[in-house]
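Shared between the two complexes below is chain A, which has chain B as its partner in the first and chain C in the second.
What follows is the complex of A and B.
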């Protein structure tokens, strides 16, 4: 196990494939980064432009939700394979939290 | 490094246990500490029953009585039941899934020591000016105005030990997801592993609300905040919601692992495959999910309105369905089996009617209009003792007898075990069955005494005498444990003779690396399959013998937890003692310095070499 160190020389095709994948990955990251900066700019602009709070607050919350999804899928690699269990827990946790909040907003504190 | 008995001095043994990261030793630590707090909580229970033995009793004063009931509930739930369950999880789960340890051995140790220091801190309140006295639920409307430091001990102690529980829960989740042996698919996991998995997920989602609630309480009481003070714009009901959003899943965190232990026992001693395995798994997951949808049924009388009450009533009743599925599956596991009435099996069989009784009264209370009548009466006390004692405690005692040979390579005396069972079981029903009627006759809970001739005198006396039987049962158990340890007769592998799951296939005493070779799992009830095929080794291996990577022992978890313990005193005396803030700072510095040491200093563990594993010493140093 620890002793037999395994070395593997990549073939040309493998190398090309890995490079293309890395390049794609990088493009995805940079694009996401740009989108996120843009979303942040929109949020700040809306506040500066002095729109009604009833428009600004829900809209910023929506932008925040989008940011979280982008963060998880592009920067934290949830789009890759092997994250099924993590997604399951994330979504079930989000579902339970959402139901709880919904309960408070609709039936508990009437 | 070896966990196998060599002659060692007391100091060396103590140091070994303070620094251990081995799940088997941490299991023993949980067992000892949980057992100690179980005895403490039991003594508190006896004091309650002595006080209520006769009307107008003055055995304890009203204030002290409030402290005793609060500490009885808090100790039994947080410091006895949960750690004992964690003890069995640590002892059995890594072995059941064919792993050499949990995923994060260091965190396992940290989780234990945080629980340990939190529990000690909470109980020090007895000696430092009075214990918490607002009930184990510590409703803010009462707790905020409680004089003295009792509630501060409650909030800080539970915060520290709750952190330990959260760490332990996450550790088991990661372990079960990632460390299963080849072939151990989700649907081949033993039921105890499944229930541990779901209970850990519940811990992950349920403990953060408690943490939030406790922090709000800490800031309100010690640092001048007003989250729960309505005169300052706060809201006292928030505590109740936060507590029960945690508190209801907590009930399932306790009962699900007990269900798992019983599932193992039923199938082992009926010598049959568990009936309806996949339905059992589905029911476990469903109970876990529904556990989050019902918290407000503890608050029907708070005034949430008819809509909320109706919805929570229906959701609560729905939980009876998956629980019923489980009950019928256990019955059908026994049906047609070749049943052997060992001590664990007695507990398991006794558990079914006891728990069903608790479940049925639960459905009664789920009906909101009836709950208005039953709320805060002894009926409630009877109900939750039927589910917690009739379910969880019977499960713990069953698990203690069942897993004892796995943990210690000796067998508890069966005759004494059965005496314990009958004393405890009869005492339990004698104590709590009659409390249903006390409740229906109008006796409120949490009263320190009651007047004569209201029809409560005889029933309370009967209830108190029942408690003596339970205490006698526990004393027999303690004698049994002491005698078994003193005799120390090794029993070897598979001492019950009918082990079905992987933990029984390992040679005893369990090597400190668990598996020389990771096993290959070929189906549910792995060991049973191998036994049926006449495999004397007990397992098929998935890999050749090779080096095993092991973690080093570490004192850092102990120091990290000690820092929080010291810091808690600073927070407690904030604004009263000049040394409060420096002590708080000192505690946090100790903790953060320990964390920094852990982060900055590489600790890569060590390897047990193949050559050592191959010689007859089996890798012992």
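What follows is the complex of A and C.
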């Protein structure tokens, strides 16, 4: 193979450090999950509470956007190094997505 | 290939998913695919939003009459929790704990299957009411959008199950680590799409 995998055997200290780092990150993930549950609960409650649609719709869309950002940056690790190209791909898709939805909501029916 | 290289918890790399060239390529290729998936779902969302509540004159079906939030809430919790369990699976892959990863993936699959069960029940219920796929422009757009998501759940379940079965006796190596990683990305993306579905289709549908 042209591409060799460099194998590094960790010393006990390095190993313990890596374990602790991973455990810390996992605790952060659980916090992220708790926030996501909380955002979902707020969204459902807002709708059931029966506030004005003009208030609720932008608000729950904002909650959804926050939840998706959390999912992408923490659960899908986009906050980690080496996700530059991945971000480019995803945001290109998101741009086309936004244009598509905007077009269908404006030009097509009005 | 690294298929036969044996690792120990001490020699297992910090980022097993991108330690090989093949792993790096899978990772990039998969994000490109997710960009494409975003566009696919956007076109279905756009179609749904344009055709929502539209159909033959006198149509008795509207989003407000059809959708029931308790069911949607349960489905949302199931899928959101399955997203966390697949994070746990990847955490154990990082720690070179194959059994723990398999166990968390199994929980993920079970939660996903429960979600799919509820979705099938929901669709069955709508069809029973007469809200079939060809009933109106609204029904076609609804079933295509939510059904495509459901199909993704089904594919994800099959994918993760096959990965688990195929690698049961192998344990970890740098050949299958990127496969597990990419499958978990796919599963998270399914949850990303669902966040928009429960918000745009169900919650906004109940508001009117």
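Note that in this section the second predicted complex is superposed on the first by the 86 of 110 C-alpha atoms of A that agree within 3 Å, B and C clash if a C-alpha of one lies under 4 Å from a C-alpha of the other, contacts with A are read in each partner's own complex, and residues count from 1 in each chain.
Rule of thumb we're sticking to: a contact is a pair of C-beta atoms (placed from the backbone, for glycine too) under 8 Å apart; a residue touches a chain by one contact, two chains touch by 3 or more.
What you see is a predicted model, and the numbers here were worked out from it, not measured in a lab.
Tell me the contact category for A:67 with respect to chain B and chain C: first, second, both or neither.
second
Which partner does A:93 contact after superposing on A: first (chain B), second (chain C), both, neither?
After superposition on chain A, A:93 lies in contact with both partners, chain B and chain C.
Thinking of the overlay built on chain A, is A:107 touched by chain B (first), by chain C (second), by both, or by neither?
The answer is first: A:107 touches chain B but not chain C.
Based on the superposed arrangement, let me know which partner A:85 touches: chain B (first), chain C (second), both, or neither?
It touches chain B and chain C both.
By residue count, which of the two partners contacts chain A more extensively, chain B or chain C?
C
Could you give the residue numbers on chain A that contact chain B in one complex and chain C in the other?
On chain A, the overlap between the chain B and chain C contacts is residues 1-3, 85, 89, 92-93, 96, 100, 103-104, 108-109.
Residue numbers of chain A touching chain C in their complex, please.
Residue positions touching the partner: 1-3, 5, 7-10, 15, 18-19, 22, 25-26, 29-30, 33, 36-37, 40, 43-44, 47-48, 53, 56-57, 60-61, 63-64, 67-68, 71-72, 75-76, 82, 85-86, 89-90, 92-94, 96-98, 100-101, 103-105, 108-109.
Residues of chain B touching chain A in their complex?
173, 177, 201, 204-205, 241, 245, 289, 292-293, 296, 304-305, 307-308, 311, 546-547, 549, 607
Give the list of chain C residues in touch with chain A in this complex.
1-2, 5, 7-11, 13-14, 18-21, 27-28, 31-32, 34-39, 41-43, 45-47, 49-50, 69, 73, 76-77, 80, 83-84, 87-88, 91, 94-95, 174, 185, 188-189, 191-192, 195-196, 198-200, 203-204, 206-208
Could you pull out which chain A residues touch chain B in their complex?
Those residues of chain A that touch chain B are 1-3, 85, 89, 92-93, 96, 99-100, 103-104, 107-110.
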